[in-house]
Every structure is written in structure tokens, then in C-alpha cells.
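A, B and C are the chain letters, set down in written order, and residue numbers restart from 1 in every chain.
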Amino acid sequence: MNKTVNQKAWFLVLPVLILVGFSAVIPLMTVVNYSVQDTFGNNVFFWAGLDWFRDMLESERMWNALGRQLVFSSIILAIEVPLGIFVALNMPKKGFWASFCLVLMSLPLLIPWNVVGTIWQIFGRVDIGLLGYVLAKLGVNYNYTQNVIDAWATVIIMDVWHWTSLVALLAYAGLQSIPDAYYQAAKIDQASRWKVFRFIELPKMAGVLMIAILLRFMDSFMIYTEPFVVTGGGPGNATTFLSIDLVKMALGQFDLGPAAAFSLMYFLVILLISWVFYTVMTNLDKRDGV
Amino acid sequence: MAKITLDNLAHSYLKQPKSDDDWALKELNHDWADGEAYALLGSSGCGKSTLLNIISGLLRPSRGRILFDGRDVTDAPTAERNIAQVFQFPVVYDTMTVGENLAFPLKNRGADPKYIAERVNSIAAMIGMEDQLRRKARGLTADAKQKISLGRGMVREDVNALLFDEPLTVIDPHMKWELRTQLKQLHHDFGHTMIYVTHDQTEALTFADKVVVMYDGRVVQIGTPQELFERPAHTFVGFFIGSPGMNLFDAQVSGATATVQGVAVPLGDSYAPVAGQVQIGVRPEFVRLHAGGEGLPARILRVEDVGRHKIVRLDVGGTAANAILDEGTPVPAGADRVSFDTEAINVYADEWRVAPGTAQGRAA
Amino acid sequence: MSDATTSAPGAASIPGDVSAAEPRARTRRRFRPNGSMIVMALYLLFLMLPIYWLLNMSLKTNAEILSGFSLWPRNLTLANYEKILTDPSWYMGYVNSIIYVTMNTVISISVALPAAYAFSRYSFMGDKHLFFWLLTNRMAPPAVFALPFFQLYSSVGLFDTHIAVALAHTLFNVPLAVWILEGFMRGVPREIDETAYIDGYSFPKFFVKIFMPLIASGIGVAAFFCFMFSWVELLLSRTLTSVDAKPIAATMTRTVSASGLDWGVLAAAGVLTILPGALVIWFVRNYIAKGFALGRV
């Protein structure tokens, strides 16, 4: 669509600019400010240059957290995206059962994140939780507070439980936009089920799937509340993801300088990876178009 | 290629159809002769797409059977029926190239690659896209996409029937004409059974050997374009075909005379006494205008010059009517009467045409 | 239907076949193979089991929870719910949450509407950069902003107020709302705007009277997402409140750390936090599928 050039449109954007400026720019400046200063308390600050950044880049702690975070986000995407598509393909197309599935599937998305944590914390407990109890009865030595593998498994299953529906609902919306004629034409062309998926459904879902992957990547990279409630970042530091580490550092230890430097690098990593995702996907889109 | 037989076919989208209105397609018996080109004509919602989808197997009829060359295929899936269908809106596999799109139906049936390449090239030539075979289908115009859909429909040579569901809706007018000519040529060359659904009478009349007119879930007439024009079997056919449609006047018919608004109108044949709501129908082409003399009193509302001829809008005793005059013929000065070409008048009872010349009629 | 089948010759001669053929034909028309139903049943079971377990526990006494394992409450009790609904320190948490979530939704939508209109209709200096910058705020980890927010709102005297949380949540909700609304507005042809101006509508009148009803579903979807993300967020809302505006989610975490043992009350509180979301979903159930596509399919 050809848009008219109109500089007065700035006035329409102004409220957003002021609001987001207030809630984003000022705090971000504060963070930048901390990141280049040091303090011995009493609100006396002095210039520390890029020392904190250097420290953080050399700190094993941050690299470990970043590594865990990347592994976690990759696993999450690898499970939730295919599973979400699979669920969407199997959802009823219309009628009562479609609404029924939609409502139940949306439910986990609207549960406060710490309650999600609480639910799984209870669910996985060996003494009172269904999952833990059944596993224990089956002779599996399961304990998410002691065992690293169990903790990871619990956190991952929790995230799959929490967010797969988002991917599924987006994919479902994409599927719903496919006119019946496509399926009919495929039948007439004698296309196999796989070819229907590969050449009709997947291309039509591509747009919404990109949104789903981006959203899931960003949110899984920022995950804090749910694992914090379930494992508290433990056992040891096994499930201490970036946000958990950051909050520990900033609010727990009040190491403002390193925390601020950490924050900025964290933010930059997310921006960078999201940007890479975004450009790669839009380029794929464009290449197809030519 | 096959003869397609519809045996007591009917369809309703409801599970428990009750009244007559619940049936999208009312009971229907018909043979589609092998190798003929049919047009299925009707306004939207008359059941023509339903009928098409039943033939292609995308819908299972609620009642009756469908046979291909005498074999019952009512429960056979689409793939087994070996038909091709082109839809109203372009269906194109976006991520494939134009060539891959055309090859798709053949590939899925495991055809020989050499044969596929050959067919794709000849179809591409036909739809005029030889130079775009390697281009991705995404981003093409609706025109081009629909041409690909048409091409995909025609790529198989051994189909039982080719079905078209208003395929030219999205195509530019000049391209429409060209594609229709190509379809006709194709029919001429290969002799496929073709069924072409449309609501455009020009398309139907120029494409088909036989036109099937549908109205309200019912087939009201099957005939050649000429039959539809001269002897519409139902007032809907008279109204729907022709521009403007047939004029209808309430009348009483007795023998070879109809009485319209108290004026006697001679008929071309004599009729037995007809019951129900009786009307006579006469196409605007056969309406004559003159000043004084015999005929019905009429008032000229307006004259529209559409190029090849003039349309005269009339008020005949409260009933709207039209007359068509050739371009060269002037509207007679002071014209206040209309009369009709006797041979061109049809008589209708409750909207259905009444055949003339029964024994009773002659006796009277 | 049975009428239809029997009228088909061949089928009529074998009455047993008639009843067998009928459901098969109907199934093929309505559903895909039954595998889908099994997949969906398993998936929904996976989703519902943990929630059921929470509900189960919320209906037990703490003693029953700890004394033994049971799939359903033996001594059904509503005592846990009673405690929450009679104790202001509990139920005020819900009130606080609902107040700031509503404030946030209203603020986010009302500032996002004109901005989304500008992005969808006009091109102006820096528009693309501005749009991308807005979206980057959706990518900002709340953990990064927790401390600066705390200091910022403390310094302007807004700490522990509803408006502080509402404003903080605009950080990620406004970009999202602008993005969703822009998608829906692009779907409205510009001829509508032009016709309205020709008919003599002023911009504000046109916007409220003509344009907003046209994108009503978009506004609904954006509001739904604002509600959702504001309702589920905890880190910022907990950091910015202490007593007066403390959200229910935070109330719960503190109970865990303080007594840590009253599982029944905790579960009941959890169940009650699910209810508002469930209510909202119920109202928008017919728009969910379209809404999740964010107007971009």
C-alpha cells in the first residue's frame, strides 16, 4: 500500500513516544549510568569506564548462565514448534469441539507465571504431587530439587506445558486461513498427506510461525519466574538462567555495576539473536518470492 | 473420458432435511454424454457448485448415485474418479515454480519424467507461460495464477472429465476471451467431457454445446443456446438469458388467443385450457412498436442506445417491458402500441412452459 | 439421512450395511481420521492434569494433603477458599491486580491507537526506525528493568501504587498493542478514510465514529493480549509494590516463604488466579483463532 508522506503523523505517535520514553529510556539510562561507575556505598560514585564490561566478559559465571540459557531456549524451540504445529494440525476445524479445544488450550497462557511455577512445584513433588508420586511408585528416582537432570526435565516440561499452546494457536490461525479449495485441489492432484503439509499448510503457516518462533525465543530467553519458583535456580546453579542470575546479582547482592553491565549485554544478545532470526526469515521469504 | 450419470441425485447440507428448502440440490436425473462440453448456468446459490463438487467427489450426495460409464462411484474418493477441476479462485502451490506446479498432478501419479517434461512444455505454451516455467509461483498476479490452475487442470490427458467452477472470475476481460477460446480449442482437439460452471450467460452460451440452467437447486432446462433463447422452459430461463430478459405478461389463454389486459393477442399455436397462474412470455427482440393500430397500449419511458441496438423501456398497462430495435431503425413517432411476433410467444403456467397443440386445443 | 441411504439401490438390499455405511460417511465429512481425536485428547489431558491437581489440592484440608495421597478429595472442604475470600490481605491482592491490569490495558490501548494509525497510514521521517525501536522494548528482559524501575518510581513518589505497575507494564504492552493494531488497521482500505473526510468528518470524529468500530475485533485482541501479559507478569509488579498495591501473585510467593506449608490455601489462591483468565477466554472464545493471527494471516 502506498502511504502518504505526512510529518504531522508524529503527533499521533507522540503519546507512545512519551510513555515508552518514560518507561524505557530513563531506566535504560540509569542502567548505562551504573554500568560505567563504581561505588563504595553512601551514594558516592566514581567513573569505572568499561571495567565492569571487561569483568563480566571474563566472568565464568555469566558465560555459564548464557550457555545454559542458549541450551534451554534451543531445546524449548525444538520441542514446542514441531509439537505446536502437530497439535494445530489435529485440532477440530469448527464447531463446539473447536471452541472447546481453544478455550482449554488458552488456559495455561493466562495463568500468572509464578502460579505456573507453583502448579509444577506441587505436581512434581514426590510426597503430594501426582507426577512425582507416580514416578516414585514406578521406581524412578525422581527429585527435581536434588538431581540436575530431573530439574531440567521438570523446567522444560513445564515450559512445554505452558507455551506449546501459543505456537499451536498461531499455527491454527494460519491453517484456518487456507481456503477449502486448496485441499480440494490437492485431492484432485492426488497429493499425499505429506505433500499437502509441505506445499500447502507449511507455506501458509510460515508468517505466523515466524511470529511464534520470535515470541517463544524472546520469552524463553527472558524466563525468570517459573523456574525460580520451582527450582530457585538449583540444584546448585544448574537452572540459573540469565534473568535469575541477573536478579540475584542486582537485588540479592546489590552489585549494581556488574549487574548493569550484565543487563546491557543481555539485552544486546537478545536484540542480536532476534534480529538474526528476523532477517534470516524475511530473507527466506523474499528469496522464495523471486 | 466417460459418460457421467446422475441417478436420483439430491443433496442437503443439513443432517435431517425437512422441507423442500433444506435441499441445496433437488432430485436430479441426468446423463452427461461422453465428450460433450456443458455449461452449468445459474445465479449464485442455485446449487451449481454443489453439483460440481458431487461429481468430483469432494461432497458425498445425501441421496442417489453417481455413475461413470455405468460404474457406481458414489463412494469412490476424488483421486479414484480421475477428474480434473479448476476452482473459482486460483489455487497455486506458492513455494513451487510454475513448472513444478504444472507437473504436480502427473508426478503424484508417478508418470514418466520425460513425458512430464513434454506435457508441461506443451501446456505452458498453451497458457502462454513458457518463459516463466522456472519462476516461483508466489508473487504472480491473480491472472497468471489462474492460468497455472487451468494448466494444472489440463495437464493430464486421460481424465474422465474436466470441471470448471467459474474459472474466469478473476481474469481480465481480454484474457477471458482468449482463454475461453483456448478451452474450446482444447475440447475440440481432445474431446474431454467438460462441465463449466458459470453465472455469466455469454460465457455459457459461447463455450458450451449444451447449457444446463439451474434455479433454486433444480435443473430447469437443458438445451442448446438456441433452444434456450427461443423456447425457455421456465420463466427464470427467459429472464436470466438474454439482455434484457424476456417480457412476461399475465394472461388468459384460450385456444390460439391470449387475453392480456383485456386485449386479444394471437398465439402461434392453440393450447388446451391452462390452469394456475398463466403468463405469456416474449423476448424484447420480438416486440414491435407502432403508433395506433392493434396491440397493447404502451408508454415509452426511455430509450437506451447500447451501440449495436437500442433498448426501449416501456410501461405496458403497469407492467414494465422492453423492446429491442436495430441500430438503423428509428423509434416510430408517437408510438403508443406494442404487438408481438406471433411465433415467438411462449405460454407459461406457474412459471413452467406449456407445450402447445394438444388434441383439445385443436378441437376448440 | 437414513431415508437417503435406503433410497440408493444396492445399499437397500443389505439393511445391515446401511447402518454401517452411514456413520462412516458422516465422519469422513466432519472429521479427519480418529487419530486426531486421540492426539487432542492426550494433549488436553497433559494440559489439564496439573491444573486438576491444583484444584484437587485446593479442596482438601492441609492435614489431608500431607497425610496421604489421593486422586480426589476425600473430605471435600471449601475452607481454603473461605480463608482467602474473608482475609483482606489475601483478597485485596486480587483487587490490586485487577486495578492495575485494567489501568494498563486502558492506557496501552488508548496511546497505541493513534500511533498504530500513524504507522499504518502515513510515512514520516524515521517511521521504520521508530517502529523497530518500539518492538525492541518488547524484547527487553523485565529483569533488566526491575531495579531501575524501582529507583525511578521511588524517586517520583509512585512506589507501591497501582499506576506505577500499570505504567511499568506499558513497557512491553504498548509495543505489542501498536503492532497488533497496525496489523488490523492495514486491513481497512484507505478509501474509507478518504470518503469520511470528503463527507466532512473531522479526524477525531472519523476516528471514533467510523474507524474504531471497523477495527473493533483488533482492539479486542490487543486488549486481550495486554490483559494477558499484565496479569501473568510478576517480577516487575512485585518489585514495584510492597503493601497497598501488592498483586495477588506476589501475595502468594510471600506466603510460600513465610509459612511454606499451607498447601491447601496456596492451591486455592492459585485456582482463583486462573479464574479471571478463564473468564476472559470464555468471552473471546470465538475470536481466539483469528485473534492469535494478529490480523497478519
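Going forward, a residue touches a chain if its C-beta (ideal position, glycine included) is under 8 Å from a C-beta of that chain, and two chains touch if they have at least 3 such contacts.
None of the values given here were measured: they were computed from a predicted structure.
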**Item:** Centre-most chain [mean C-alpha coordinates]
**Value:** C
**Message:** Just the chain pair, please, that has the highest number of C-beta contacts.
**Reply:** A-C
**Request:** Just grab the chain with the largest centre-to-centre distance to chain B, centres being mean Cα coordinates.
**Result:** A
**Request:** Let me have the rounded angstrom distance from the C-alpha centre of chain A over to the C-alpha centre of chain C, please.
**Result:** 16
**Message:** Centroid from C-alpha atoms only, then distance chain B to chain C, rounded to Å. What do you get?
**Reply:** 51
**Asked** How far is the middle of chain A from the middle of chain B, if each middle is the mean of its Cα atoms, in Å?
**Response** 57
**Asked** Where in chain C do residues touch two or more other chains at once?
**Response** none
**Item:** Footprint of chain A on chain C - complex, ascending
**Value:** 31-32, 35-36, 39-40, 43-44, 46-51, 53-54, 57, 65-66, 69, 71, 107, 110-112, 114-115, 117-119, 121-125, 127, 130, 134, 136-149, 151-152, 167-168, 170-171, 174-175, 178, 186, 190, 228, 231-235, 239, 248-249, 252-253, 256, 263, 266-267, 270, 273-274, 276-278, 280-282, 285-286, 288-294, 296-297
**Complete:** Contacts from chain B onto chain A in the complex sit at residues 53, 56-58, 77-79, 83-85, 87-89, 91, 93-96, 104-105, 108-109, 136, 138-139, 149, 152
**Prompt:** How about chain A: which of its residues touch chain B in the complex?
**Reply:** 179, 181-182, 184-185, 187-192, 195, 199-200, 203, 288-290
**chain C-touching residues of chain A, taken from the complex the two chains share** = 1, 3-10, 12-13, 15-17, 19-20, 22-24, 26-28, 30-31, 86-87, 89-92, 98-99, 101-115, 118-120, 122-123, 127-131, 133, 161, 165-166, 169-170, 172-174, 176-177, 204, 207-208, 211, 218, 221-222, 224-225, 229, 242-244, 246-247, 250-251, 256, 259, 263-264, 266-267, 270-271, 274
